[in-house]
Amino acid sequence: MLESIITYSFFMQVFRMFTPYYLGASAATFSERSGVVNIAIEGFMIISAFSYAAITIATQNPYLGLIGGLIIGILFSLFFSLFTIKLKINQIVIGVGFNLLMAGLAKFLMLLFFHSSSNTPGYPHIPRLPFLKSIPMIGDLTGDSIIIFALLLVFISQTVLFKTRFGLRLRSVGENPEAAETLGIKVRLYKSGGVIICGLLASLGGIWLASNQGSFSDGMVAGRGYIAIAAMIIGKWKPMNIFFACLMFAFFESLEIALQISGSGIPSQFVQMLPYLITILVLIGFVGKTKPPAADGIPY
Amino acid sequence: MELTVTKKVKANILSTSISLVATIIILFVFLYLVGKDPFEVMQKMLTEVFGTGYGIGQAIFKATPLIICGCGLAFCFQASLFNIGAEGQLNLGVFVMSIVAYMFDDYLGIFILPIAVAIGFAVSAFWGFIPAYIKIKRGVSEVITTIMMNFISLALINYFLIEFLAVKSTVRTEKILDVISIPKLSVFSDYFEGSSANLTFFFAIALAAATYFIFYKTSFGYKLRAVGLNPKASRYLGINTNKMTVIAFMIGAGITSLVGLNFVFGYKGYYEYGFSNNLGFTAIAVTLLAKNNPIGIIFTALLFGIMDYGGLSVNTLVPKEIMLVFQALVILSILSFDRIIKIYYLKEK
Amino acid sequence: MNTSPIIEFKNISKKFGDFFANEEITFSILPNTVHSLIGENGAGKTTLMKILFGIYKQDSGHIYINGNPVSFKNPLDAIMNNIGMVHQHFELIDDFTALENIVLGDEESDYGFLNLNKSRKVLIDIIAKYNLGINLDEKVCNISISEKQKIELLKLLYRKSEILIFDEPTAVLSPIEVEEFFKIIRKFKEEGKTILLITHKLNEIKELSDSVTVLRKGKVVYEVGSDALDISVLSREIVGELETVIDLNIRGDVKSEEPYIELNNIVYKHEKASALNGVNLSVYGGQIYSICGVEGNGQSEIVDLIAGITRKSSGSIQMKYDGISLVPDDRLEKGMVKEFNTGENVLLRNNKSKYISSSKIYDTAKAVVDKYDVRLPALNAPLESLSGGNQQKVIFGREIELDNNIMVFVHPTRGVDINATAYIHKIILEQRNKGKAVLLVTSDLDEALKLSDKIGIIYKGLIGKEFTRNEFDESTDKRNRVLQNIGKAMIGVNSD
């Protein structure tokens, strides 16, 4: 039975599913490394997925959809930093509020614009990269610029966080903002930086989902924003570890889909709950101790 | 000397009213921008909700579970436990509650009601026990665990429902005998004719009153709040904070299951997948808006109930989902005005 | 001498709420001197330095550096003006290496990419010059306190700061480390740097300072140069006038037969490190037993074990009575719920009924407020609106009224003004005279000497030497030698 599931297309699927997870998880990492907990990754993905859909439908230009989706993500992350950094409101509560707001807005605007409570009309996806899309076997993956970006992001985020001045300062405000401030570092600026990168990456994840699916539907993000946070925790806030955590979750999700199709009798619900269960087990400490940035979630 | 105290009360009233006004203004502008007439929408909503007994009844029906769930969450929030898992807790409790009621209704008749409710309560309480236990034993934040457990509980229910318990080609359980139900308000007054509002509303009010009494008039309530305000000091003051964490979480989660009274016994007679429709999250907003005060929760829940039914009633003019936006805006604005008033009016840092 | 001041404070005022932390402060500091700023806890020293360093903004007044008015919006502005500050609580990032901590904010980089090796080279020279040997690649969470201070010094040197502010630099150091530190300070001075030293240790002032400014209740009350420095005058200026004088020598012999608290060979381990290594301790009824030592040698672990907050790893604890009265060290963090009012805070600890009514809250508050002379804005005002001394009185009142036979007081007068201190000392002695067993944990040796029947010195998780009152009483001629021995025991040196 396993042979029928673990196929070539299954692996393709794993890397596709990996993409939104990794974008979301890196998003959360940049935010939390700067000391801001953002549990609204889900909402950021929803609103930018919808923005991509709406703009692409209106203009028939997926690039405008991409840019528009990213701008919306940045706008919302500016609001998010206003609430959490400027006003120092509890980050979790703001996160819950943002999730409700962004999911609600997407639902409302979908009905308003497209008169449907389930999905939007179809629209073009982001064009494949020339040359790279025609590489044999893996052209499906390499032709997709966002998948490529997500894979490169493993190295980019590792480098930015640990090898650059920006990264050192970003991490310092997440670990001990008082200490950073006494060294003349503008704490709020770097925290905002973390939050904006977070919004940008999470939005890109949402945009990929929307582009890949060809039509925005209610519930299409389906908890991926939360799984991304789980992947970040399991990955201990480190880009490389998070890569493997996301790969694992992508594997489970692909498996769930494959099981549903193959009618194997293994209840898909159990595979579905696995990422969440694993996260809890990791948190309890079965997979080693996890330590968030020291000042994570504490307003400064 | 009295000033310090009244100033705080004033600040609370001020922030609540400013944020409501601000939200309405933002919403009006937003509606205007998307090409709707906000005044027309407002007017229609008010006449639909307050013009008929049906409208008022429906608003009450929507508010009832929010009061109940809000009281449950208040138990957790007062102890500074960010229970984001009410959605999962209440679904699991209500699910088991309706299964038990359906399975034994033939034998026990109306007596099954308290039994089923007690079992449902216990299941939800157990679901609340898990994050509490993980928190006290391993120091893991309840926020993440409860979010994760929401997904787990919904997947579990989905599995048992689809595989074993659902009525064919639906996502609901078998119907409980009609005799085992909570009377609708329309039984007592024709005014509420057609509305689903039932006696659970009065139960919810009583629950809020009892919760208020516990929080502010008992030793237990003081200890609960002390743990929430300063857990470290609480330990030095001889309070068993771990025990309080577990108790608060279990009672809180248990109470959320009581929303089953309204939906299962007061309305449908069965559990339906998705019946809660994010109730557990909306209740977070209701509770925060009331600053965890159970009496306040009655009013904020009614406000949300009115908006919920109001949204439905204006659906012909503007998608009812506008109310989701409204609710989220209310949360964000109350949080920010609270803060702004603290900084500029109370001069806190 | 005709040099113009390097720093001038002119009429600096800063209020927190209704409380003046600094009020019309005016004085100046000459270049290339060691200038000490001295005063009690809460006198406003740290606030003033934080204003100078751009962390706080003054409400009114001006600061001049080299005669030019400056207005620092943040520490970066201060750093740009060659000012460096070592804070009382080290400002270090545990998860970073020493090197990362030092360069943070002033990193060598190529196109945004860190070039740590370039900084390392600079630092190796500095380390050699000042003899500040540390491992630059060790994470800060793994190193000792004195090494942490070296990192703080390196931060200043790396930035070539010329005006150096030290806030209570020696509080956490052993006497030998203090000597090392003094040497470095002198070297700084030789190089022409200006040093601002915040302290409340008189001997340090005598040894190092060129000039001294005394702050009391947010105001400058006394200024003196090293030539006219008189310690007794200085100490009177620091404290001000006493409102009440209490005779602490009225002590009856009420010692109990058996100990009320008995610790036998207590070992306590926390995250691999052992905090207590076989502590033996007996406290009798009618006795004040003080645990003295440099902070962080296991005092708080002993208290937490006795209070039942943590569990021992091995050994036995015997308490003759259930229930202890405890005044913890950090009243805001451990002693009270600051949002609750007086009555609520007392009832939280001392309530026999299941219910709490408004009238009960009122009555309880009234009783404590009257009996313990608490001054507060309103009977139902939250404790956070009371001054530190009055908060401490509420906590004392609450714990004393519990009337337990065992009482534990931890740093009971820290951050409390002089009059409240005298009052608290009186209460502690009264409890002893009533036959209670009193365990006092303090790092203030004078306090211990005044109050104790017995002093145990704690060092590295062990109570080594014990001294009884007849050895250190003011009437004995051995006193001076015993005091020296106590000092030595506190740093783990065997006495003669």
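By letter and in written order, the chains are A, B and C; residue numbering begins at 1 in each of them.
To be clear about the criterion, a residue touches a chain if its C-beta (ideal position, glycine included) is under 8 Å from a C-beta of that chain, and two chains touch if they have at least 3 such contacts.
Just so you know, these numbers come straight off a predicted model, no measurement behind them.
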### Message
Starting from the defined contact criterion, work out which chains touch subunit A and subunit C both, please.
### Response
B
### Query
Ranked by contacting C-beta pairs, which pair of chains comes out on top?
A-B
#### Entry: Centroid comparison with subunit A (C-alpha atoms), farthest chain
C
### Task
Could you put a whole-Å number on the gap between the CA centroids of subunit B and subunit C?
47
## Note on the structure
Taking each chain's mean CA coordinate, subunit A and subunit B are separated, in whole Å, by 29
### Message
Which stretch or stretches of subunit B touch subunit A in the complex?
### Response
34, 82, 84, 134, 137-138, 140, 143-145, 147-149, 151-152, 155-156, 158-159, 162-163, 278, 281-282, 284-285, 288, 318-319, 321-322, 324-325, 327-329, 331-332, 335-336, 338-340
### Message
Touching residues of subunit B toward subunit C in the complex: what are they?
### Response
1-2, 4-5, 217-223, 225-226, 229-230, 232-239, 347
### Query
Which of the residues in subunit C come into contact with subunit A in the complex?
53, 55, 74-76, 78-80, 85, 87, 91-96, 100-101, 104-107, 109, 112-114, 155
### List of subunit A residues in touch with subunit B within their complex
39, 83, 87-90, 92-94, 96-101, 103-105, 107-109, 111-112, 223, 226, 229-230, 233, 267, 269-270, 272-273, 276-277, 279-280, 283-285
### Message
Using the touch definition from the top, list the residues of subunit C that touch subunit B in their complex.
### Response
17, 307, 309, 326, 328, 333-340, 344, 347-349, 351, 353-357, 377-378, 380-382, 385
